Structure formats: structure tokens, C-alpha cells
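First subunit A sits with subunit B, and in the next complex the same chain sits with subunit C.
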Partner chain A sequence: MKRVLIVTSASVTLVAIAAPRAQPGPEEPGAPAATAGSGSDLDSGSAAGSGSGSAAPANPYVDVPVEPPKPVKPPRMRDPRINMPEVLTTPTGWLLPAAVLYSRTALDTGGGLSSDNRVGLGDVAEFGIATTDRVRARAVPGAQTDQIEPYVTATFRMGVAESRLFPQQPGLVLGFVKSFERNHDGFMTRIAELTVVQSKHIGARTAIHLGAAFWDASLKGATTDTSLHDRATHTIGDQIRAFGGLEVHPLPRSEILIDLGWSPEFCYGCAGRDQIQLRPQLSWGVRYEVADWMHLESGVRIPDIGAANLLDAQIFGQVTFTSWALRHAVDDLK
Partner chain B sequence: MRSVALLGILAASTAAADDRQPDATLGHIFRGPFGSSRLFSMPTADVIGAYIISISGDGSLLQDPGRLTSAAVIAIGFGDLAQLEYRETAAISVTGVDAPVPAAGVQLKLPLPEGAYVPALGVALRVGVARREQFAATSVDESVHDFYAVSRERLGALVLHGGLRISSAHIVLGGDRMFSLQRTLYLPTAGAEIVMNREARLVGEATAAPEFHWRGAMVPGAPEDPTIGYGLLARLGVRWRLFPSVTLDATLGYQLAESPAQGDGPRDVVSAWDIRLGAEVFVPWGALACRAAGAFCD
Partner chain C sequence: MKWLVLIVAVARTAAADPVLPRVVTAPTAWLTPAGSLVGSAALDHRGAGSLILSYGLGGLAAIEIGVASDLRECSPCAPVLLPHAAFRIGAHQDAWFDGQPALALAVETGFGASRASSAAAVASRVIGRVHVHGGALLVDARVGNPRLGPTLRPTAGIEMTPPRYPRTTLLADLAWEPRFEPTQPALEWLAGWGVRYQALHWGSIELDVRHREGEGLAGSTVLVRVNGVLPL
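Our next item is the complex of A and B:
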């Protein structure tokens, strides 16, 4: 008899412990609401009928609509580092990734303001619109040169990413820059540049860029109609130039940059070859990565290093923004 | 009457397109896949497919400063082997610009079994509509009728295209001067695609195109009669499938004119080279009509 009592009391104790756990807790999914009126009609009726004002006990046989849990979005991978499409003034053999936006604004002590906006196309090309302050003009021989600005250009570049075809393959890009027609002091000018450039990382901290450019420019005025491709005035050698640059990463977020490029110079009052000439331009400076999406660049630019005129040197500062937002939006829409 | 004719054309589309279901979602409908029937300006041996409309366009502000030079194609799939289209076919006008000449036509894919080293073949017929330009008191009408035969061969990631365009080009002067000239031209075309990734292809094409010359367009009162020759139009660029139903085109274009007065060849970068941007949008009208009105369902 004593054994029966012990077994019975143990069973009651176990049931008493287990019974509350058979109902879901108020914080658990599927738990009935604790306030009257927010449950089912049946529950509300029971509560009203009891007259006690307290919440009615849940009816486990009534289906309570349960919202399916929202699918959890996997965290987005960190966007990879972008290899910039320009060193300081010369193009690189790297392209922007697909749908990545790039915007660079620069200001220099010569009063020049330039802007460059691009978008990556399909990981194999990019398109951009820019205003450049590199095109210069002088009225007569020996006069001071002035920047022609804004000088609006369009850019299209296409190519193959570094190590895409084989392990040590440099990035290879065919680029084309062409300006809209610009009226300055009564003279209409246009420029165009075809480039082939290759870029290669050498180790983890250095990259080198080498390229060749095929230039053209035209100048039309009251009595002037000439161009760089006019063989009566210029040889083909006047159109072809080599350019290049070097990047060194001494610190994880900082780079030292140097490049040598070319820019056209018009002379309205000159004759023959002097009307349109390409001037070598040397730039050096640093790039600091403020954030993944923002870089600051500053340095020195000598518009005509061939004349060794350091008084003409300009100190420039520029800020570059890159954004993956469009890429993410496109990926999400897909 | 026009709507009856349109319905007749639509109903005559014999082949079934995928996913023409009343309960298909828009996302499902626009997921494709869609196939293009062109490279940039060169037609290929493919058609866009039944119950689909393709709308294409591109333009450049750089070729002729201050003026948008543009081209467009509207194609409607007519069964799995044909498409009707309206396009502005490539020709070089008397002003030296690659000014497209309007044309309407049909493009057919020959129903041959495809296999390794067996190219796909297609033909296209285009009837040109005269494009009029006015120079002082003289009007110039240019039109081009074309017959195209093109082939396509896939070699892994490389796709080769080749063809012959037989063009009947007309130029007519009116107004204060009467003149008419017609010439038949045999113009080769070639193109290549390299599939770079799932969404992008590098595409190059070189096509010979009719070229109209008339010195009077440049020098008012010039006594010379118009002539018809041919020029080379080449484009190199990317076709990027931004979404399955939207493809963006960006190209570097080159135009070699036969006339020395219209450009100085490849070295004339400021005149003969340009950048063109464009897009092709596919509209699966059959699936949309099925979803909206229950018509044309599979």
C-alpha cells in the first residue's frame, strides 16, 4: 500500500511539472494572445462569458494563423578592393567591375577643376563622361598657356582582367577617349585618343603600367583648319606616344603614384606643326584610402615637363568615390 | 482592319514560347532566356523567337558634333524561324555620316540541324524606305534594299559570324535638280563574339555598307552628279546582359569612307572613330497577354 502511494504521488508530481510545459509560452510562436479580443472568436466568447475579465485559457484545437518566418538574407560578402582605372592622369590596364560606379573630382592650384564619372560594364568594359583641364591653348607663340575648361570627353574602355587568360597575364585594356567639340576664343577644337595599356602587379605592393597612345586633334578657326592627322603638317610620329605609371603600396591604406602622360596644346596664332602639339606631363603624388568607398589623392603635376618649367607646376587634390550600390541593386533585382 | 491584320500576324506565330501560363509571375516571364538576332548592326543567323518583341537602339553624340546619330531596330518573333522587323539599316549618307536608312523586312533562320562544325544559316530581306535630306532647293532621297545571307558557327567560347549583303542602293535628286542612280553592291560582312562570362560578350564586327557621294551636299552649286560606292563600318565593344531581358551595348566604332573627302582614314581619329551606346530590350508579349487577358496561352 505504501509502495502504491509513493508511485501515485510521484506520478502526480511529474504530471504537475509536465502540464505547464505542454502549452506554449506566451513568447513562443503560436502562443494565444494574453488579452481578450486579440484571440479567436471562440476565445473571445469564452472570456466574455466568464465575466471574470481575465484572459480565457487557450483552446489547443483551434488553428491560430502563424506567419511563416521571413527568409533570412545571408550576409553580403565584403566588396573586393577596386583597382583604379587611372594612376593620376594616365589610364591603367584595369577595369571597373560590372555596375560599379566611379567618380573623381579634382582641383589644382592653376584653377583647374575636373571631374570623371564612370561605370563598369560586364567586367569587361567601362564607359565614362569627364571634364578635363589638361587641354591647353595659347594665343600666339611664346604666350602663356591657358587651360580650356570645361573640356567634355567621353571614354570607352574594354579589355581583359589581369590573370584572366593565364596566371601571369597583365591586365590589358583598349581605350578610347573623344571630346565633344569645344569653342574657345572663336576656335573650334576636338581631341581624341586611342590607347592600349597593360598593368601588372609585381608582388603584393607594386604595380606597373605601360601603354601606347594614338592621338588626334583638330583646330578650326577663321583662317585655320588643321589637324594632327594632317600629313601635310604632321608625321605619324606626331600622333604616337608612350605613357606609363608606377604604384607602390608602402602601407596598407597608402600608395605612392607616379605617371607620365601627354596632353594636347593648341596655338591659335602659330603656323605649321606648332598649331597642335602634344606636351609631356609628369605627375606624382599619394593616394590614401579613407574608406572602401573613398580615396583622397594629392600630388604635383607639371603640364609640360619637356620645357622643364617648374614654375608651371600645379599642386592638385582630388577625391575619388567608388560605389557597389548599383551592382547590389542589380544583383537583388535578378 | 489594321488590328485584324495584326491579330492574323500574331496568330500565325506557330511555335510555342515558354512560360505562357496565366499564373506566371512577372519575374518568371522576364527571366527569359532571350536570344538576340544581331551583333551590333550585323544580323545573325538567329531569330528572337515566337511571342517576343525586341526593341533596340543606339546613338552617338560624338560622330557628328551636336547631332545625335542613332539607329534602331524593332523586331517581332514570327514563329521559331522567322521575325518581322523594322530597322534603320547601315549606310553612309552624302554628308559622310553613318546615317541609317529605314527599312522593313523579314529575317529567317533556316531549319537545318545544328551540330559540331555545321553552321547555322539565315537569310534576311529588307525593303528600304527613302530617307530625304534637303540641301537648299535640292532634295536628296536615299534608299537601300538588302538581301542578307549569314552564317553562325560556335567554337566553344568563340562564336564566328560571316555573311554577304547584296544591296540595291538608290539616290534621287529632286527639287531644282533631277537625277536618279541605282547600283547593286556585293558587300561582305563578318563578326566574332567571345563569351567572357555569364553576362558579357566582347563583340567585333566589320561590315561594308553602301555609301552615297554627292559633292553638292558639301559645296552648294557643285555640278558633279551623285555616285554610289561603299565604305567600311567596324565596331568593337561589349554586349552586357544587365538583366535577362535587357542588354546594354557599348562600342568603339570606326568608319572608313571610300571618298577621300569624307575622312582621312584610320588616322583621322576625331572624325572616323566614335563611341556608341545602346540597348536591346526583350518584351515577351505572349506571356504578358496570357497573364493579363488569358490570350495566347500555351
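Our next item is the complex of A and C:
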């Protein structure tokens, strides 16, 4: 009995599959002229009038291809404003949103060209590759400093967005920047920076950033092999620095930015602590939102504000592009 | 006191800020309008000249690049064409309170082994048909390694449009520029005066005369300058 049932079910299934295949589809060759043919016959009146039966009347309910209704996509909401991961030179406590791309290219009067490319990871982290022109070197004490460039770094930052855990919670980010080894004038140098920074909006038009950095750097040459963590020459205080920045939004599309950060300076012909030093760097400028996806930034950077050397001041201009395209593509896949 | 009240009352009627960043040589506190390009090209009777472009950034700042032969290299003294870049950040007139002059902080820096940098804090105000400019200029320069060192000097300028000639403006200013002596940079004053004619609503032409410290009257420079504003 069971065997009969199985055979019967299989037969029914095969018939059900084969039956539609036996009928030519509306688009298949050999199918009766579904639209154009039947229509023309009807128009001419030959089929209906003569009754010859040479052209069967078409059934409009069968022949008209029925397309399934397309799902209506809700209109995409305007992308929110992105809080930038850097003020001008110092990091902020804000992360890029998930799958948002960020690219910044800068040029300054010191001849420096830098680039910074990042991607937001899951709203809790971001990864980036950059070339920086902030690392400088001098041959001997008192000589002019030159930028070492390109100086390639990789960045990984993770943290918690502002007000995510509780109201009034500042954005908190732990970041790590590590450079590739760089050979300049016969000396190998490397830098690394561990930062923790918090950022907080104060009202609708102001934001403040405060952070601390733990620096390391190494210098190797013919007779030199030293690093910032070498306790014979440097104290731990030489590695720790505070930094911060301020953003003010006086106009809807324009921001005033000020920040104070640090950058390493190598001295190849110096001795002891002077071989590697951290120099305070003051920057101020304006960010102008040309479009949602494009910002122009320009300002002044004084690489060693402690030296108060006006001739060292650099005017810089930079353009920043942000893109939600990858985020939208990811959302569309869901 | 009455004069002060009168000045403020007249100043309140000031229209939108002018745009040109210099009188003849002295800086003004006017900012390039957001998204606009202001260009100036000058040529003097000695064949020296300048070409300067300024782009307005968000109504708060302007970035400027250009080449100019305002500075002299002395052995003997001759104008030297040097590239420079400048960044100006500031506030328009009446932005913070009625009667407030336009304010600007401008940093300008040159390129090369012999170069000059300056930082200027300037205030400008339209008072009726007169534009008044005043500020302080911090200048430094270098010839190879020898440096001038940061030196503070005043700067001032005035522009006046006679009522009968609304397209014509008389200019006068006082500024300071470094001079590259063979061994050590020095600072010299420049006094300028001239006439600007607003030929088009977007462009003007100037005829200026500039006197330098240490030069006789015969050493004065006569220059023609054209200015244009292009909204982008």
C-alpha cells in the first residue's frame, strides 16, 4: 500500500512538472501570437468576421504577461552629518559610522603632501592608512628641521559613540597609530602613538576634544640606536602628552577649528634626550562644507609652537571626501 | 564722546563688507566672500609685478596664494619675485555687536631659503564714505640662516570715496616689509597712495604710487593693478 502511494505521488509530481513544460510559454517560439498577431487579426476583422477559425481568438487573461509587483523601496533618508575623526591634526573621540569611507588629502607651504584614508567598522571602530608630514628631522643641533615624507602609518581606533551608554556621555576612542620603518639620510626611524580621547558637543555649535597620548619612537643609524622608551635616556614622562581641540560652528556650513598636538622630531647628530623629542604643534583653521560629501579645510600650522618661530608657520589646504556608498551597498544587500 | 556716538551711528548704516584684502600694501580685515575668488594682478614701471588669488572659505576665512615682488634683495637692491601663501580668519563688521569693526588675523608665509613670514591682526570699518584700517604686524625674515627675528610694527590704511565720484576711491596706507640684505634681513616701511576706479561691478583698476624707506622720491614705484571678484 505504502509503495503504491509513493509511486502515485511521484507520478503526480512528474505530471505537475511536465504539464507546464508541455505548453509553450508566451515568449517561446511556437506560441500562438499572443499580442501582436492576435491584435492585428482582431483589428482586421478577418478572424472574427469570417469565422474561418484560421486564427483562434486570443485570451487576454492568459496571454498578457503578468509581472509581479516590484517591492516599493522606502525613500532613503538623508545621510546624517559625519563627525570627523580628526580636528586638524589631532584625533577626536568620534568614529566614522559603519562602512563610511573617508579620504583626506592635504598640501602645505612646507612642501608637505599628506593623505589619510579610513573606513568605519561597525560603528565601533575604524581602520586607516595614511601618509603624514608631521615627523621632522634635523641633522645637527640648531640646524633647520626638514619633514620626513612620505611617512606611512596605519591607524586602528575603537570606541563608543557619544551618548551611547548614557546621556551626556562623551565619545570615547582608544586609538593606535603605527608607522612603517622609514629610512632618511641613512637613519632608520619609526613612531607609534597610543591615544585615548574624549569628545563632547557642548550645545549645538561647540565641541571640545581632550586626550592623552603615549608616544614611542626609535632612531637607528651608524652609531646610534635609541628609542623613546629607552629608560637610560628618557623618562616615562617624555612619552606622555596631553592634547586637545576645539570646534566652533558659527555658520551652518562653516567651522572654526583649533587644536594642539604633538609630533616627533629626530636629531641625527645630537646626543642623549635630544635625539628624539616631542614638539608641540598648534593649528587653527576653518572647515567649509562644500557638499555633504566634500569639505575644504585650510589654516595655519606651527610645527614647534615652543620655538615661536613665525618662519616655520605653514599654511595648509586640504580636501576631505566622505562617502556613504559602501554603507548603502551593504544596506541594500540586507 | 559725541564724535564716538556719531561714528557708531554712521557705521551702523554700513552695507556688506568690501572684499579686497589690501589697500595698496597694508592688509585690510575684509574677508573674501564664501565660495568666491578674488584676484589681483599688478605691474609696475620697473617691470615687477604680482599675481594673487584669494578664495573665500565659508564666510569665516580665506586662503591666498600668489607671487609678488614687494620684497627687495639688496646687492644692489632689486625687487625679487617670491611665491607666498596666506590664511586669513576673521569676523565681518557687526558680526558680534553693532559697531564692531571687521577683524582679521592673517598669517602669510613665503617659500625658499630667503623668505619672510608675517602675522597681522587688523581691524577695518566702513564709516560713511571712508574705510579705515589699522592693526599690528609681526614680521620675521631669513636670509639663509641669519634671521631678522619677530618684529612688531603698526600698519594703517584709509580709503575714501568722494560723493561726486561714487566709483572712484582714494587710497593711502603704511606697511612694513623685510628687505633681504646680503648678510642680514632688515625691515623697511612702505607708504602707498593711489586711486581705484570701480569700472565694473566685479572689477576695478588702480593706479598706485609706492615709496620705500631709504629710497628718494625718484625711486618711487608707480604700478597699475586690476582686481576682480568671481563668485564660483
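General remarks:
Going forward, the second predicted complex is superposed on the first by the 272 of 334 C-alpha atoms of A that agree within 3 Å, B and C clash if a C-alpha of one lies under 4 Å from a C-alpha of the other, contacts with A are read in each partner's own complex, and residues count from 1 in each chain.
FYI, contacts are C-beta pairs under 8 Å (C-beta built on N, C-alpha and C of every residue); 3 or more make two chains touch, one makes a residue touch a chain.
Quick caveat: nothing in here was measured; it's all calculated off a predicted structure.
When both complexes are superposed on subunit A, subunit B and subunit C sit side by side without a clash.
In the superposition on chain A, contact is made by A:333 with subunit B only, not with subunit C. When the shared chain is aligned, subunit C comes close enough to touch A:315, but subunit B does not. Once the two complexes are laid over each other on the shared chain, residue contacts for A:82 go to neither subunit B nor subunit C. In the superposed pair of complexes, A:213 makes contact with neither subunit B nor subunit C. When the two structures are aligned on the shared chain, A:125 is found in touch with subunit B, with no touch to subunit C.
Annotation: superposed on chain A, subunit B and subunit C show a minimal Cα-Cα gap of 35 Å. Counting contacts by the rule stated earlier, no residue of subunit A appears in both its interface with subunit B and its interface with subunit C. Note for the complex: subunit A touches subunit C at residues 109, 144, 250-251, 253-256, 284-290, 296, 298-300, 308-311, 313-315, 317. Listed in rising order, the residues of subunit A touching subunit B in the complex are 98-99, 121-125, 127, 154-156, 158, 160, 174, 176, 178, 180-181, 190-194, 214-218, 227, 229-231, 236, 239, 330, 333-334. On subunit C, the positions that touch subunit A within their shared complex are 34-35, 57-61, 63, 85-87, 89, 107-109, 111, 115-119, 138, 140-142, 145, 147, 150. Residues of subunit B that touch subunit A in their complex: 61-62, 65-66, 196-197, 199-200, 202, 236-244, 248, 250-252, 264, 267-271, 273-275, 277.
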